[in-house]
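Look at the two complexes coming up: chain A is in both, with chain B in one and chain C in the other.
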Partner chain A sequence: MFFKSTYNELIKIIAKPRSYLGLAAITLIVGLILLAMKLDGGMYISLLTSPFEESLTFEGNLLNGNLVGFIILQMLIIHVPLLIAFVTGDLVSGEAAMGTIRMLLTKPVSRTKILLSKYLAGCIYTFFVLVWLAFMAIIMGKWLFGIGDLMVLKSDGLVVLQQEDVAWRFFFGFAIAFLSMVMIATLSLTFSCFSENSIGPIVSTMGIIILFTIIGTIEVPLFDTIRPYLFTTHMAAWRFMFDKPLLLNELWFSLTVLLAHIFVLLGIALYKFQRKDILS
Partner chain B sequence: MSKKIIEVKNLKKNYGSFNAVKNVNFDVFEGNVFGFLGPNGAGKSTTIRILLSLISPSGGNVKLFGKDITTNRDFILSKIGCIVEKPDFYKYLSAEKNIELFARISGVKVDKSRIHEMLEFVGLRGREKDKLAGFSHGMKQRLGFAQTLIHDPELIILDEPTTGLDPQGIIDIRNLILQLKNERNKTVLLSSHILSEIELIADRMVIINKGETIAEGNVQDLLNAQELIVAYTVDDINKAKQILEQNEIPNFTCLNNEILLHTSQLQSAEINKLFCSNEINVFSMETKRKLEDYFLKLVNH
Partner chain C sequence: MMHKSATVCRLSPKKITLVFFLFLFAKAHSQIVNGNQIIYRVYAQLQKAKDYKVDATIKVDLPFIRILPINAKIFVKQPNKFKVESKSIAIVPRQGFDQLNKILSDTNEVTVIVQVTELVNKVDAQIISLIPLQDTGDLILAKLWIDVKQNLVLKSVLTTKLNGTILTEYSYGTFANYGLPDAMIFTVDIKKFKIPKAIAADINSNATKKVDKDLKNKKGKIIITLSNYLINKGISETVFIK
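Here is the complex of A and B:
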């Protein structure tokens, strides 16, 4: 019954027009970035290499698909949470707003299974959004700009990764980004269990992300102790995959914080959903 | 008597200090159409939602098919088809897809032919590919019935199924309920505040008010237990009045050419004979005892 319910949830996501807004937004934004890089990419490379030109000589295709893919991933990973929350925040509250939750919860499927099937469907949607982002950023980037070594600008210097050393890093980078987005999906689903309208969970999710990002950015001693445990601090953990050598301790810590948030929030969502009186 | 399908005992539901349901008791028997009556805010919808496990009770016992709803939810829901308030569907999906979606998680294997059969039964064959966004309220209500019946449930719970329907829609829904009872031998719990609906189709009923059961039993028995008002339309109202006075029959009033008499069923026939034997033509004899009167008498008590 769990898989039948998940299949139903996927059908609903596929049929909902709002599910395609995220994909359309990614296509549009990435398309614009690719166009801008095609027209003015040389200037970007100059900005990137100019601090090092006195000590280093740069050769080869610097403006390549790997670099473009990396830049796009870095830019879009900030906006993707909104696109994810737009769909996953609606999974429970949208049913309450439409009134369909009454019919759904009078079927012989436990509330736990219904919520988990919604969650799984939301995660599958999140996966496809990221696959689409990866396709647009990396595949389209390589098609338009060719291949080459990847230059990553860090606060403490420049990391140059050879092109044959990049593919697996992108793969795992996207896997970690997926976990970050699953965390966002879990947060919005949890809010969705507390709400009777579609907008509330989306706004709440984005509100929390903005609040935690501000707390994580402001250099105030009071926030120093909590900063390492905020999920927003670890949203860009995928970038650890582009360090050389890999900062494994930091990476594991980030993954642990994200997974802990996912389990705790999913627990809260299940607790609330199982006890929720359906009054709508 | 046939077996109990629903047993509700001392049911309570509180929202903070507000008691939405205080003490509701009733039994629904197999094969019956059971009327669930009460004014707005009486606790009907809350009770129905508790029966369907949409709301958890604060106290009391609810058994369906002999099992407790709180511990046997999935088993019980697999035997129930329901419409709670109004049937809401996914507007972005077609009628067929909506039914398919709910059928998939109904606990039984449902194929396309069964879906088409149900759409035929509710008169929506030919509209199965249409998106719900274009459906009228009446059509959605019919689709709600298809959804309710798709897994061939033993018990059908309908919460205000005729709300918002036009007269033809109400008649159609009433006929559908009667078909379910007579042709498919289903047990139906029908909540309504349209009393004529209950009077016409229910075998038994419960009346609740302010969260409490105030009457329960066979519809006709409950009606027979109250005083009957019979309206006689006669050709000579003065003579009829005189005859009644001569025979010391109390409790009558005259209105135009009508005599309203508070009487029993047996006495009403005797009075008719009396008029005829005194050469008073009786054009019509109408029973004024209605569920509406009984209901109002109880809830206003």
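Here is the complex of A and C:
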């Protein structure tokens, strides 16, 4: 019954035009980035290497599919939450707005299972959005720019990863990015349980992301204690996969913070959904 | 004998002063000639290899850069063609293989100063400084430690306006008679490397402060080991087209 309910939720997501906005946006944005890189990628490369150019020169295929894929992932992972929240923020509040929530909750399935099936459907949608992003960024990137070593510029230096050492890092990088996006899906679903319209949860989710990102970016001692526990601090945890050696302690801490947020928010959503008034 | 001594004693102070300055001029001139000759002999030896191809292993040991050692092929063609070919990304010093050749090629453009000798890897090396006559070029000072017996540059410190200072140590083997080294160790000053978070797009990193503290006055090395030289076999110009 749970899986049938999840299937139904997936059908609902597929049937809504807004579900394709995310995919279309990714296709358009990645297409534009690929075009820009093809026409003027050298400028971007010189920006990457400029801190070292006083003494060093870089030889080889610097602008390759791996680098382009990494750049796209880096650029888009900030914007993908909006595309995710667009769909997951509507999962419960959309039903309330359309008046279908009463009918939904009269089914012989517990409210917990209904919410979890909606959540699972939201996670599956998130997964496909990221798979599409990965396809556009890495597969199209490699097709257009070829293969080569990946040059990762970090604030503490430059890491050059050999091409045969990159694929598994992308795989786990996307897995961690997926966890970050699931965190966003959970947040918007939780807001969705509190709202009777779709706009509220989407705007609230983005508002929280913007607020936490600002707190995380401003280097004020006041925020030093809370910064490590903000989920936005750990949304870029996928970048740890592109470190050499891997910073496992930092990675585990980020995963723990994200998972903790997911469980707490899902708990709040379940609590609220169990007690949601559908009569008024 | 008495007569000769009397002749010397008859020299006026003016003449003694003139002889003294002539002696100094001759000494200085001989030093310039010697310095130029040493440089010329080193350059002539390097010119024996009109072109060469060599296998290289490049190991980068810089605090700011994490990269595994890579294999590459290096192509060099006189007077100034140079290319590194590798499947991997290769990081090489900006003042690499051809810089020294350029400096040695025209001693008329520099002042050659012969300094003291110094032991470099148990070899008595003559220190020679080259200062450009014009201040319009990139080079500020080149200091070379030269094995005058074998006409080999054992060590060099090049200071330029654009690329800072770089120390290079050379070790020679089979192709010493061409002036071609088996290994080169470049020491690079890395204290100026600072990457803004915005450029790194690493906004959540707190590494920048740590880096600022840790990397003051640190130096990094690039070690290039060279083997399988193919000398004067002819290299097509197309190899050097980027």
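Keep in mind that, in the parts below, the second predicted complex is superposed on the first by the 274 of 280 C-alpha atoms of A that agree within 3 Å, B and C clash if a C-alpha of one lies under 4 Å from a C-alpha of the other, contacts with A are read in each partner's own complex, and residues count from 1 in each chain.
Basically, a residue touches a chain if its C-beta (ideal position, glycine included) is under 8 Å from a C-beta of that chain, and two chains touch if they have at least 3 such contacts.
Here the structure is a predicted model, which is why all the values come from computation and not from measurement.
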item	value
First, second, both or neither for A:278, with chain B first and chain C second	first
Which superposed partner A:12 touches (first chain B, second chain C, both, neither)	first
Touched partner set for A:90, first chain B, second chain C, both or neither	neither
Partner with the higher number of touched chain A residues, chain C or chain B	C
Which of chain B and chain C A:59 touches, first, second, both or neither	second
Partner chain in contact with A:103 - chain B first, chain C second, else both or neither	first
Sites on chain A touched by chain B in the complex	1, 4-5, 7-8, 11-12, 15-17, 98-100, 102-110, 275, 277-279
Contact footprint of chain A on chain B as seen in their complex	49, 52-56, 73-78, 80, 82, 84-93, 97, 101-102, 104-107, 147
Chain A partner contacts - residues on chain C that touch it in the complex	63-68, 70, 72, 83-96, 162-164, 166, 188-190, 192-197, 199-205, 207-208, 210-211, 222
Residue ranges of chain A in contact with chain C within the complex	47-48, 50-62, 74-75, 148-149, 151, 153-160, 162-163, 213, 216-217, 233-234, 236, 239, 244
